[in-house]
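Have a look at the structure that comes next, please.
Lettered A, B, C and D in written order, each chain numbered from 1.
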Amino acid sequence: MKLLTILFYIQIITYCSVFSQESTRKELIFPDIFGLKTIKCDFHSHTVFSDGLVWPTVRIKEAWADGLDLICITDHLEYRPHEDDVKGDFNKSWEIAKKEADKLNILCIKGCEITKRLPPGHFNAVFTKDNNKILKDDFYESVNEAYNQGAFITWNHPGWLQPNSIPVWYEQQSTVMHNKQMQGIEVVNDKYYAPLAFQWAIDSNLTLICGSDLHNPSNMDYKCENNSHRPLTLVFAKEKTEESVKEALLKRQTVIWHENLLLGNEKYLNELFENSLKISYDTATYYGNKTAVVKIENQSSFDFEIVPLEVETGLNLNSIGTLYGNSTNIIKAKYKGKFEITKLELPIIIKNLLIAPEIPLKTVIIL
Amino acid sequence: MKLLTILFYIQIITYCSVFSQESTRKELIFPDIFGLKTIKCDFHSHTVFSDGLVWPTVRIKEAWADGLDLICITDHLEYRPHEDDVKGDFNKSWEIAKKEADKLNILCIKGCEITKRLPPGHFNAVFTKDNNKILKDDFYESVNEAYNQGAFITWNHPGWLQPNSIPVWYEQQSTVMHNKQMQGIEVVNDKYYAPLAFQWAIDSNLTLICGSDLHNPSNMDYKCENNSHRPLTLVFAKEKTEESVKEALLKRQTVIWHENLLLGNEKYLNELFENSLKISYDTATYYGNKTAVVKIENQSSFDFEIVPLEVETGLNLNSIGTLYGNSTNIIKAKYKGKFEITKLELPIIIKNLLIAPEIPLKTVIIL
Amino acid sequence: MKLLTILFYIQIITYCSVFSQESTRKELIFPDIFGLKTIKCDFHSHTVFSDGLVWPTVRIKEAWADGLDLICITDHLEYRPHEDDVKGDFNKSWEIAKKEADKLNILCIKGCEITKRLPPGHFNAVFTKDNNKILKDDFYESVNEAYNQGAFITWNHPGWLQPNSIPVWYEQQSTVMHNKQMQGIEVVNDKYYAPLAFQWAIDSNLTLICGSDLHNPSNMDYKCENNSHRPLTLVFAKEKTEESVKEALLKRQTVIWHENLLLGNEKYLNELFENSLKISYDTATYYGNKTAVVKIENQSSFDFEIVPLEVETGLNLNSIGTLYGNSTNIIKAKYKGKFEITKLELPIIIKNLLIAPEIPLKTVIIL
Amino acid sequence: MKLLTILFYIQIITYCSVFSQESTRKELIFPDIFGLKTIKCDFHSHTVFSDGLVWPTVRIKEAWADGLDLICITDHLEYRPHEDDVKGDFNKSWEIAKKEADKLNILCIKGCEITKRLPPGHFNAVFTKDNNKILKDDFYESVNEAYNQGAFITWNHPGWLQPNSIPVWYEQQSTVMHNKQMQGIEVVNDKYYAPLAFQWAIDSNLTLICGSDLHNPSNMDYKCENNSHRPLTLVFAKEKTEESVKEALLKRQTVIWHENLLLGNEKYLNELFENSLKISYDTATYYGNKTAVVKIENQSSFDFEIVPLEVETGLNLNSIGTLYGNSTNIIKAKYKGKFEITKLELPIIIKNLLIAPEIPLKTVIIL
């Protein structure tokens, strides 16, 4: 009788497996830089164990299909609207997700969202050991416990509930900063980018963090039809391991990918740009004029929007050009000067790489 | 203290609502026919309350966004792998979903999947009153209880676990058919179409039913990138109400939309085709020849694939033409005969409208 | 022998027609406003008869497939780089195109581009009678002849060849303006929008004109893969006739559609917005708070990007929402105040409707 | 005065170049096989110099943007409907195209279409030296001249003008075959695949050729919106040079890519399939059962549609799986037998690789 029941379940599982046969992953391509691996991470997500709307394994399947390498499960500690139906302690959602993650070679990081009213608002602790111990009435005690567990702590969506969504920095933020217990700040949360948080990160040496804060299934919020993608944090780490990623976070080795923008330190953005391109050069002379016809292959998945700068070299390329990802793009540059030159340098700005709020990266394409 | 807790939750909810602001629905357009409304239905889906992977409200949000009018929640009675963590009786998933459905004007039908080993396999009961009472060890008792509650009962995925997925009809099926307790059969389940089940439906006067059998989030299985859509049952009902849909099911007033196929009775398919088109006519004479240049507007969301039949009228249109949905399509037809004609009739088959397995609809376009 | 030749050609034509059987048009939907028809126009295009790269009939087929109602053929008078191979006078490209246009019910307007060096640059004359007579060495004589033929005259791409593409206004522009012989200005040419030209149009009562200036095939420059569309001028005319469109141009009844922007007079933009939407209202009370859940159907093909304004009514919708075209969109608005209100007014700006350079439309959605 | 004219043109050209700045090429990826390069070719296209609708340079720009390596310009000799306006001998379209091709590193092959009434219909001669000499009243004389110039000769669209488009083989075809002057046959022309021509090619050792036969701009006939692509001939050649491609054609080293089908010799199809995949293996045991979870990376641009074969090894994978291109795909295979096995072999058919009409490739995936 017992055996029959077991056999019954085997059959069910055989059947169910049919439905998962066509999972597909399209790789998101960003070059490795400075000898480090570029790890694609989402540091903020929810499941039915707090107010999310999917079973924990879905977060893993989505991460895999969306081209990620790492995801954090960060269910709320203080807010669990499904608790009448969904039981289990504060580590349970991670435990369920972790098994699926191991099969798919996704790093699944344990975390939780310390969910306090304003001030100070919400904070994520990731790389935690036991979320149950972090739930405390007092904000500082929670942060302290997470910190003692070795967690990396981030201030989430700093503009949340503020007028016009403009971030407000409270005393509590200053305190945990002073205690070195707040290492990161969410410059992008879901579809919302907070320029002021970007500036604060620069001024206070906080790690740039981005979190999807997914509650819905991923493809419901980031619809292919609307050409939107989940926001990511690119982490430049020695290896694709938990330890390496954590080390890289502490060294602030991150860049944020939000919509068609990359936000980050100049040196990382410049290196990502240069390592994404392959340039081949060809010239043609028309009516005595020098015209450079350049083929630029962009091997990354990112579309770079470039604008040439007018300078004394005489180059003039009077329009924006988009170097589409996974494509080869043809750019014509005209030389207006009188003299032969053998190496053209095209000074440009890249409109959608920001090294600070509203400040695009300046660089030079050498043709 | 209690007040503070309440206020706390208000804040959370305010925040969460931000994430659901950009839900979008693209209407699926099929014409109403014979004075009946064309209701877009999915009769088979799961939630975390059985082996599904989403919270019940997700099934409603997805139904709305995917352009549906009606969805059934049909969690397994006998198979609940999450039961260590997810509690609640067999009506609970429907109760949660129903509240969301009312807000979005989606019909949410209570149902359950009677989940027995082969034979006889799985059956859906929809329009049930109390799922808890339907769970019984004995298959016939379960069906009987569902029937007595007024449920519409369907044999699910008849090829499940069979060699090469070819359906096998067992004694149990004959028995419940004989008792008039099985009214429908899943000709399409998820991505799988069973031609033999289609033939049985025709031979035995069973209602053609199609179920997505969703366990994952909808957009994970039916990816926009792969141009796939969730399979639907079109029900031709007097009104968009539970009662009307049930009545229409009992009268077998359905057509199945699977990939780029419509499967159903000739009269419904023909009427859907004719009511989808607007034809405007124009002629031009070249070198003494008669050429009909026809603009055909296809107002539905469905792409009809037509192939002209060569007949004695002298028309020859030697290739397939696709009448793309939501578009106007230009077709050129040439007249080879000698005489003036004032009304051209173009006999065609529509390759992707099937009135029986492998038998496409034949019809005539009158130009 | 002669007969054989004729029969030979018949056969060829039969064959060729096969290749044009699947032309498809997806309608671009903008509402009619103020009792006028909204005509979708492109006022600037080239063919192999000047430096364009397609046969004139292609401009018509493209216009039809791209959802346009009207196209101008405006080949250069002074620049014909293919003239060793392509013969024919300055009206010939229009004559060839016109025959195809009549079949497809597209308005095909005769025009030409008066192509002078800077200053003053290039001008389009559309609604011309005989382009051959307009070719003159002297700029003023050309414009005068075009004007006397009843042409509508537009200054093309005012930033062409200027440093950083910033428009420069020359004495010649002042002279023809003074003579009332220049009625329009290209605020958008191809992919380039000139904010200064927009301002000049407002200041000098010039008609806002947009031209694709197509030389390549349309789908080569505006690729579906890149989600780009050909820029259009929407003209609000009494009827879809040449005369009505010309009358509307003289009355400056136009709006420009460039990328995801509409540029134009406040009254037209506001009316387009209001007539694109259908709003249905529903409320729900959570924890004593008033939350408006609004379904907004956007029946146009345009995606409106709205941002709520914070005002004393207590409404706060702290994020951008996109009302996607051909879709129903759900927006949640929260009421923070204490009193019951029966009609909610949501003051917004629409980020991508510009009534002047950098000035978005302000309006109110009445829920 | 003369100087002024020259300066005038310089200015114009400066301007025009602006419009060609954003040309983009997305590489079509097929693996090189058997130490040969896989060259992507289109052997049939038209320009305004016969009945095509684009300037010759457009065929090159399109070829580049569409991911091709080689294109033939094959204007009709006997049919030139634009000849009142477009002058130039039968080599002119190739000469114009060739200059553009050299800039973009596209192989541009000189050819022509010998355009006779039925019988025998149309033949392409490619790799010709002087098209002017090939125009003759007599079909055999034309073919003979082309052959003597070293051309590769193909029978085009064998079903053209035949009832139901079924190919008819005439005496003339036999004669030129017998003379070894017909080496290829168009199995696919534009959107039309002729299975009978495929069978003839196999039976008579003719090279499988595919031609787009483009008259319109490429993106007008193969619309991104409809997910259609231009049909291609993949040629397996020692190098990307004219000589190597011609040699490979004579050795019948080709495969045709039509819609979602590859047509060709078993050895090429099998090698393309195997060299497109990277397989990584993982196992998991559930309830004593062996389940193979396999990640298969498909590095090509082609979607392989696989169906498992039931065999005595006990493997059962009862559904179709699509291995999407440029993606990693997860497949679950279940082992039903009793014994441990260390290497799983999954016998499959690939539905959309055809080694003869209606005969799919059978192969084995080794897990």
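The rule we apply is simple: contacts are C-beta pairs under 8 Å (C-beta built on N, C-alpha and C of every residue); 3 or more make two chains touch, one makes a residue touch a chain.
The structure presented is a predicted model; accordingly, all values stated were derived computationally and were not measured.
Undergrad: Counting C-beta pairs in contact, which comes out ahead: B-C or B-D?
TA: B-C
Undergrad: Copies subunit C, subunit D: same or different interface, half of numbers shared as the threshold?
TA: same
Undergrad: Please work out the Cα centroid separation of subunit B and subunit D, and write it as a whole number of Å.
TA: 38
Undergrad: Please report how many Å separate the Cα centroid of subunit B from that of subunit C, as a whole number.
TA: Measuring from centre to centre gives 40 Å for this pair.
Undergrad: Could you list which residues of subunit C touch at least two other chains?
TA: Counting only residues that touch two or more other chains, subunit C contributes 9, 14, 18, 20, 22-24, 26, 161, 191, 226, 318-319, 322, 324.
Undergrad: Show me the residue ranges of subunit A that touch subunit D in the complex, using the header's touch definition.
TA: Listed in rising order, the residues are 6, 9-10, 13-14, 17-18, 20-27, 103-104, 282, 284, 286-289, 291, 293, 317-319, 321-322, 324, 326-332, 334.
Undergrad: In the complex formed with subunit D, which residues of subunit C make contact?
TA: Contact set of subunit C toward subunit D: 7-9, 11-12, 14-16, 18-20, 22-24, 26, 48-49, 51-55, 57-58, 61-62, 65, 78-79, 82, 84-88, 92, 96, 115, 117-118, 160-161, 190-191, 213, 215-221, 223-226.
Undergrad: Mind pulling up the subunit B residues that touch subunit D in the complex?
TA: Contact set of subunit B toward subunit D: 159, 161-165, 191-192, 226-227, 310, 316, 318-320, 322, 324.
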